[in-house]
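Two complexes follow with chain A in common, the first pairing it with chain B and the second with chain C.
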Partner chain A sequence: MNTLVRNLRVLRRMTAAEIAQQSIYRGAWIIFMAANICVPIISLLIWRTAIANGAQLPIDEQYVTTYFVLLSFVTMATSSWLTGFLANDIRLGKLSRWMVRPASLLLGFVANNLSEKFLKLFALVPMIGVLWWIFRDSMTIPAGPGRWAVFAVSLVLGAILVFTIDILIASIAFWMDDVSALAQARLIIASVLSGAVVPLALMPDWSRGFIDNQPFRFTVSFPVEIVAGNLSGYDLLVGLGLQTAYVLVFGALARLVWAAGIRAYSAVGA
Partner chain B sequence: MIAATDLTKTYTFHKQQAGLGGAIKSLVRRTYETRLAVDSITFSINRGEVVGLLGPNGAGKTTTLKMLSGLLYVTSGELEVLGFTPSGRKHDYLRRIALVMGQKTMLWWDVPAMESLLLHKEMYGLGTQEFDRNVAELAELLDVQDLLNVQVRKVSLGERMKLELMAALVHGPEILFLDEPTIGLDVVAKARVRTFLAEVNQRRGTTILVTSHDMDDIEALCSRVMIIDHGRLQYDGGLDELVHTARPRKLVQATYATNVDSTHLDDVEGVTAVDSSGQRIKLEVDRERAGEVLEQLTRIGPLVDLDVADADIEDIMRDLFLRRSMPGDAS
Partner chain C sequence: MSQRTNGTAELRTYAEDRQPLDRNWLHKQVRHLRLWRRFLGQAVVRETHYRAHFVTTLLVGLVQLGLGVVPILLLFGFTQEVHGWSRAEVITLVGAYQIVTGLIAAFIAPNLDRMTVYITEGELDGVLLRPVSSQFYLTLRWINVAELSNVMSGIVVLVLGLVQSGAAPTAPQILQALVLAACGVVLLATVWSAMSFLAFWLQSVNPIGAIYLNLVEAGRYPLAFFPVAVRTFLTFAFPVAFATTFPVQALAGDVGWTPVAGGIALSVVAVALVRMLWRRGLRSYTSASS
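Right after this comes the complex of A and B.
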């Protein structure tokens, strides 16, 4: 059987088991998502108030509203939380249990990621729906399915990019005992540069070249911009090209570091 | 089936002194140390053998097992298992082996064991008929039919180990690596696991390589043992030969109805009194003189019970490891 097909079948089985396992904690997902949507709502209210009070911004109220209403969905959809868990598995030798079985070592993490997102959707989508309805007059809704399709593709690429960066950082645990400081630094940098805290459109002009082309933009801001902003066809093409390039570069890098790390793996413990 | 030549593994780690001073010092300057875990060992194992890997803690047994199962790259030497280099972790290799670690679970903790078995069905590409047949056979052998749909975290340690073995064997591996498979189990569960493993070896011809500190495991399962100490292979051969070589004497214990005098037995060549008091005599006797001594024992008083045995394997191992850990006696 083809390796890809076999891994996909294993992934399907793992994802189903993960969903069964995690659905026990349905209350936790609702609380989790309510907390997730709080920060964008507060930011939305602050920026709308600023605009209403005459603040001169390079973006209008419609952009701000659409951006923050979509933000919690996009951050959830592209998020990954494997760094700490994978680093721990490497450090404590827990990776061994997957290494002796004929399947990709990362399938468990992919299954966990997909299943959690699937369950979070049930909690998050109604909340976003309510927000959307409240601010429906100030929302930008792209006409036609084309832009939504590009948004979906960008969302998938963004999720792969975040997942890949996570693997890259966790892989350093093959050599370093503790990567939590590195992971924390990345989290802080990413939250600013991805546009999860402040829309990147509000960044100063002098930083524009860097802000528009750095990888974190493509993990959150770019997918949101596809719906909220006025990106031309050319901007979309360049953006998707850059996003794909980052996925490939980080993917290759993660693979390289991972392969070297496996050679250094000491499989501590019995 | 398994061939290792000059197999060597070293670990490098940094040393840090205890306390704040040591921590600060290690920030500026780190001392690295290389430890030789397995030191140039050579052996081969044939299909269908059950081999015990013995040695004190830190001897290099588990490291050897990890190299054989592909978890670790070898530092030097050559290793071939089923025609593969284990560290390559090729799919065709991994689907022909299994590793069970007594202290680590391979099962999914929060779901029933059947979920893990179904996962293995996909991983190992088993057909439904083959899978059902194997599950039924193993469940019957291990008597776990009622446990398959219970969350793993809710079963006892002994039951979990049976399920671990089941998950490891459902794909019919040719080689089974076992690291302390009976650790923490009660006597009944241990016996069950041993019987099962012996049956698997006989029925399926599965080659088994087992590390254990429980000598009963080794006696019950292994016809051959390899003793590793300080990373070196100290002995490779039959368990009986080991007993005969390490303790070439028989243990004889005689119990009498009345007090007896056994002092004259000390003068008999090849006999050492281990413990003699009142109605009981305990001796160590050269194997070839055992018959003669037994005859004498029947004459010195009204005999109630007589027991002749080889030295306890656990005692032999203890002596062996203690002797080797003495300074200047590590050879």
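Right after this comes the complex of A and C.
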């Protein structure tokens, strides 16, 4: 228990420091968020045109609109960018200086991630608000706080899932020199399988069994579906169960690989 | 040694009297063109040193191309046509998009990506001292040859789309499409340059590059897929329509010479404006190193 409390205290201090540091770039955050929102808006307009033009989609205009308006928020909230940084630290031996510190190596990355989310939130939420207002007639708003609470829980689980997958891929740098190609491949695959490019509900029928149960669905699509879609209580339960299971499996796997990697680690100059 | 008297002050130089570098305007353009050919030659040689980079760029480009086709294949699984565009025509358009973005990624992007460094770290100083147009040098100095592989794959997709849609463009139509696409490349390059030159006032423009790269994604779809207000934006403010929609329409024979003339006029205006912006920016440049 004592270690946990100490780690949390360290995390709080490091997050505060990161926020102070990164708020120097607040102008850049705003522009980055404006950039991030472009592609979901383009997709939104395209699919609305298709529906207006008589395309027989399995989902209606309300779903499409709510989905793409929320998409950039959820993508941001569950995102992580640590793969490149962590892989670099491993390759260049910078990990050594973290290893002598009295807290987990990964705390720095958690703090960085939290502060980045915190700052992006200020830039992104007003933009989503404006978008929401423009399309207010076609937005689905779930009744009652229950759905929103489930949404929040699944958002946190999604963020943890992405974070652990990132650690897993970065850890491969313990054995491989360059993981950037691998990281890029994962990003491209994830962008389709997570529903960031096209709502998973539009995927063809033959892929249903795979699409609905693969891990990337739970990094972006599932939280959005909770608000936008008409998931039944049963679907919600199964979804949350699967999401938790993936978090546990990837968490255990990342821990295993990370621990093995640390043992194999021999830094230049360390 | 030569001496020149200028009013009361006396200017003394120790250099030989020399001819000016360029005899006339045309000579200056030819000199810059020759210089660019050297840049290209050097880039090709450099690329041969990094063959893995070439393969990675090629593979990533192919995957991204496939990824770009996914929404279109899905969309046309639910409908036969959208606002007069069939699936084959939209695939032709994806090919055009790949060609144009490949050209920009090869010749323009490697330079504009360095704009922040040029201006905030004072590297521009070194450029200003050289006997070359500084804007030319900053916009065209670096070339990423590997990106040309994406242009090739774009051409393949374009041809596949044309064959599928049964289009048989005549020579004038192909000429129209080429001119329009060239205008599109010039227009997109000038818009991105203008955004990057804001570095003179904003210091860091890396996030602005992200805005450009995300907005240009709109070029993957025909103009007709967007609401009218957005179409105007994509034609005149962020003219991605000239890069993809208009050339593909030209290949289908749906475009007269008017848009071609409009595209050329717009390009001339855009280049003149970005030239002006560059001069304004240069005047406010206060060198970071000295």
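In this section, the second predicted complex is superposed on the first by the 268 of 270 C-alpha atoms of A that agree within 3 Å, B and C clash if a C-alpha of one lies under 4 Å from a C-alpha of the other, contacts with A are read in each partner's own complex, and residues count from 1 in each chain.
In this text, a residue touches a chain if its C-beta (ideal position, glycine included) is under 8 Å from a C-beta of that chain, and two chains touch if they have at least 3 such contacts.
Keep in mind that this is a model prediction, so the values were computed, not measured.
Asks: Is A:Arg6 contacted by the first partner chain B, the second partner chain C, both or neither?
Replies: It touches chain B, and chain C stays clear.
Asks: Looking at A:Asn53, would you say it contacts chain B, chain C, both, or neither? Reply first, second, both or neither.
Replies: In the superposed model, A:Asn53 contacts chain C only, not chain B.
Asks: Under the stated touch criterion, which partner chain does A:Pro204 make contact with: chain B (first), chain C (second), both, or neither?
Replies: Touch partner of A:Pro204: chain C, not chain B.
Asks: If you stack the two complexes on chain A, which partner ends up touching A:Met14: first (chain B), second (chain C), both, or neither?
Replies: Touch status of A:Met14: first partner only.
Asks: Which partner, chain B or chain C, is in contact with more residues of chain A?
Replies: C
Asks: For chain A, which residues count as touching chain C in their complex?
Replies: 25, 27-28, 31-32, 34-36, 38-39, 42-43, 45-47, 49-50, 53-57, 181, 184-185, 188, 191-192, 197-198, 202-204
Asks: In their complex, what parts of chain C are in touch with chain A?
Replies: Residues 56, 60, 63-64, 67, 70-71, 74-75, 77-79, 82-83, 202, 204, 206-208, 210-211, 213-215, 217-218, 221, 225-227, 230 of chain C touch chain A in their complex.
Asks: Considering the complex alone, what residue numbers of chain B touch chain A?
Replies: 11, 62, 66, 69-73, 89, 91, 94-95, 97-99, 101-106, 108, 110-111, 115, 118-120, 122-125, 179-180
Asks: Which positions of chain A touch chain B when the two form their complex?
Replies: Against chain B, the touching part of chain A is residues 1, 3, 6, 9-10, 12-14, 17, 20-21, 93-94, 96-97, 99-103, 263, 265-267, 269-270.
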